[in-house]
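One chain, chain A, links the two complexes that follow: it is found with chain B in the first and with chain C in the second.
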Partner chain A sequence: MAMAALRREGRRFATPLISPNPATVFRSSIIPSEEPVLSGVRCISTQVVRNRMKSVKNIQKITKAMKMVAASKLRAIQTRAENSRGLWQPFTALLGDTPSIDVKKNVIVTISADKGLCGGINSTSVKISRAMHKLNSGPDKENKYVVLGEKAKAQLVRDSKKDIELVMTELQKNPLNYTQRSLVAGVKWVMVSVMADDILKNVEFDALRIVYNKFQSVVSFLPTVSTVLSPEVVEREAESGGKLGDLDLYEIEGAETKGEVLQNLTEFQFSCMMYNAVLENATSEQGARMSAMDSSSRNAGDMLDRLTLTYNRTRQASITTELIEIISGASALEG
Partner chain B sequence: MFRHGSRFLARATTMTWRRPFATDLQAEYVADSSFAEAWKKVVPNVDPPKTPSAFMSPRPATPSSIPSKLTVNFVLPYTSELSGKEVDMVIIPATTGQMGVLPGHVATIAELKPGILSVHEGNDVNKYFVSGGFAFVHANSFADIIAIEAVPLDRIDPNLVQKGLTDFTQKLNTASTDVEKAEAQIGIDVHSALNAALTG
Partner chain C sequence: MTLNLSVLTPNRIVWDSEVEEIVLSTNSGQIGILPNHAPIATAVDIGILRIRLNDQWLTMALMGGFARIGNNEITVLVNDAEKGSDINPQEAQQTLEIAEANVKKAEGRRQKIEANLALRRARTRVEASNPIS
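Our next item is the complex of A and B:
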């Protein structure tokens, strides 16, 4: 009984302090002009604003630093991506570009970043991968995902966990490379050829579809799908005179059988395509991160300006009030 | 005040844009329109993704007469050594033997083995040592050579080649497992090819 009364009393005292909506309390501390300032807590609002200004300033420092880091990484990786662009072109010239090919076992290789805070590139590649899945689904057809990068994994695990065949992460930790070509001892390279080999060994496929963001400029990325067919499908298409009908005109030199050469050729094609795709995606990631961090530090600056204005205004108001109190007190004593 | 007026007017009338506006539509090379159509049907609210052929310039059709020059693209993972260069002849180290490619060569797909790739242009001959890869010769006198690694021949140190050769011969003799043997054999193959390239 006594406790209940006490609680009731407490609530009565607390009501002016605790407003029903906690969000408005927060807001009122920033923009006190909208709400009546509580008596006796005149300076608390400046304190809160000051704290908030400090935290916004810190956030701005962090985003600026991240932008700088992304910019320097971008410059290094952009030249590598641009230099690797010649690598896949001969394959496309020879084997054609066949995104619409209709095969039974589709494997969608989704390439994404390991870290966030880089705009929409990860969700774009996931969205395109899902759409590819939908596009190629049908009765007696199989669709599997091979996921590169932590972020796409987190998004795809949610609804298509059973379709994920292979996940590879931490691509960005070490510099990317096609083969081991480490001139400095102790520098580890991520070997894309080994990675591609892993995928080829562990996944059965008729067509591999590599989904990645192609770097165009710091602010624009083009979601792209590269298709790599299995040697059997290439041979079938070439013989039936479908999309790859021209391939039958080529004389094949090398191993004993045509199948063997085609096997080597498609594996090599996949590793080359992967190499370019991984580099392009990494470049897009850095570019996207740079522009995202740029806009967020600009945002933090704007916010800081607004907060400073509020803070100064509040401070000035309290000074004015104090002056008025002193003057009116003095005049009351005199009079 | 209007001292420069005439100049501005003259420039305004004769001015031509050196580059197109960013909003200008680029002439796009549509490779697979059925893909875009199927995409629009299934996922209407997302733009169809690009495909690689949108990013490369289309190759010309096979001309009726044989052109005088061969167009060579020689690419490596980290650079494009030659891109669209017009030369007289290339000699490619195919697994079946050295293969000379002149303009009008029959369309061929060839696997490469470690050896010398030489590019003949007039009287100049550029020699590279390539470690392996593929070469495609197209009917329109285009040759694409893709290699994992290539070095101009004059940058190879003969002493190191000899040393590597003896090292790998030793390794082959002491190798116990199949993997080690295969690795040593690859080493010997590459080094003896290098040796032959340097001496021959």
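Our next item is the complex of A and C:
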């Protein structure tokens, strides 16, 4: 009874391999005697499990390696991200961060990674950007996207292609840097200030909203929106004593007009914010990838355990059947 | 009253501590700042920042940006900054020579403007690295 059950189990493992090609099964069961077929089936079943185990082991190796790579990249980029945090705080103190401001031309700068396999950070950016889009839409209002990174592009092109103004990809192929001064021979840096200039030149805006994942720890990333206002809006708000009333307390010096200074100031603010946002997002990406790869290597380990158990059980079963067959054969001869 | 100075660049924090006096080169000329200065926001040119600390003058090369002064807090936000003592004078001199050559070679409006900016940056670094000036 138990033997029959075990045999059934052996066959069950074999079926997926055999069923797509019934002709071979037929032939192999006709030509040799019945005994080799059964053991053959058992062999195939262990073979299948063994192959599966091998591939799972390989996948585990790959995910482990990816985790290591992400971890080492994370350490390098985390310090840079932390260093870049110093600058946006004084800007926020001076110009304020006013996500609730109501303006006509909104530009949403979505920052995402170029590669996948890093948890949900890319779809989070996209989701928040869509929410911002919906939040600020209305009659006589304009909403545009500026997309950084391959992944957000792929997701946003699908449903809001007409709103995408500018796409920049392959940010992380070269190390990120703010200015070109630390250009080392042979190493190409991505200059965020140049990138920001590109956006400012090519896109008309009243408010730029930068959407990115702020790095908090290796396992937690905060989707964040930073708002940068255009110089005209800043001036208007400061004079009307609205949200930026504090700015009027300062005497503005250094150029012919106040507008000129504000223009430079907002441009500088935007490039600094961008730099920080891009770095934070890159750090989050590495962190997310690290934890995603960690959990997938753990899952691969669990799977391997289960497969090993099945493999050993089938192997044991085939040995047991063979033993019983030999013993019963021998006892038949004796008796 | 003490004066707090912080010099920030996108890459790092260059200076963050108390000072006695600073001289800042703005777009409309140099301004000296002592404690209890009136609040101003100003554009900062490519030029030298002089810092007085314990009656000694330190120099720093600033690569353009903004400064906000108020409430005895000075926040200087610049594209890049380097302490004079961190600059290698020979290297700075070489860069200046290269920049001078580039200005002569430059053709077209854009290139000329860029070469001139590079020259000013190089000149500032040489000045900052020179402790006597």
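Quick note on the criterion: the second predicted complex is superposed on the first by the 294 of 335 C-alpha atoms of A that agree within 3 Å, B and C clash if a C-alpha of one lies under 4 Å from a C-alpha of the other, contacts with A are read in each partner's own complex, and residues count from 1 in each chain.
What we mean here is this: a residue touches a chain if its C-beta (ideal position, glycine included) is under 8 Å from a C-beta of that chain, and two chains touch if they have at least 3 such contacts.
What you see is a predicted model; the values in this text were computed from it and never measured.
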Combined model on chain A where chain B meets chain C, clash or fit: clash
Touch test for A:P99: chain B only (first), chain C only (second), both, or neither? first
Touching partner for A:A70 - first (chain B), second (chain C), both, neither: neither
Partner chain(s) touched by A:L200 [first = chain B, second = chain C, both, neither]: neither
Looking at A:L135 after the superposition, I want to know if it touches chain B, chain C, both of them or none. Which is it: first, second, both, neither? first
Go through the superposed model and pick first if A:S226 touches only chain B, second if only chain C, both, or neither. first
For A:S84, using the defined touch cut-off, is the partner it touches chain B, chain C, both, or neither? Pick first, second, both or neither. both
When the two structures are overlaid on chain A, which partner does A:L171 contact: first (chain B), second (chain C), both, or neither? neither
Does chain C touch more residues of chain A than chain B does, or is it the other way round? B
By the touch definition above, which chain A residues appear in both interfaces, chain B in one complex and chain C in the other? 80, 83-84, 86-87, 90-91, 93-94, 177-179, 181, 249-255, 261, 264-265, 268, 272, 275
Please name which positions on chain A make contact with chain B in the complex. 80, 83-94, 96-100, 127-128, 131, 134-135, 177-179, 181, 211, 214, 222-227, 249-255, 261, 264-265, 268, 272-273, 275
Mind pulling up the chain C residues that touch chain A in the complex? 6, 8-13, 26-28, 31, 38-45, 63, 65-66, 68, 70, 75, 77, 79-80, 121
Considering only the defined contacts, which chain B positions touch chain A in the complex? 31-32, 34-35, 38-39, 42-43, 46, 49-53, 55-56, 59, 73, 75-80, 83, 94-96, 99, 106-111, 133-134, 136, 138-139, 142, 144-146, 148-149
Listed in rising order, chain A residues that touch chain C in their complex are 80, 83-84, 86-87, 90-91, 93-94, 177-179, 181, 192-193, 247, 249-255, 261, 264-265, 268, 271-272, 275-276
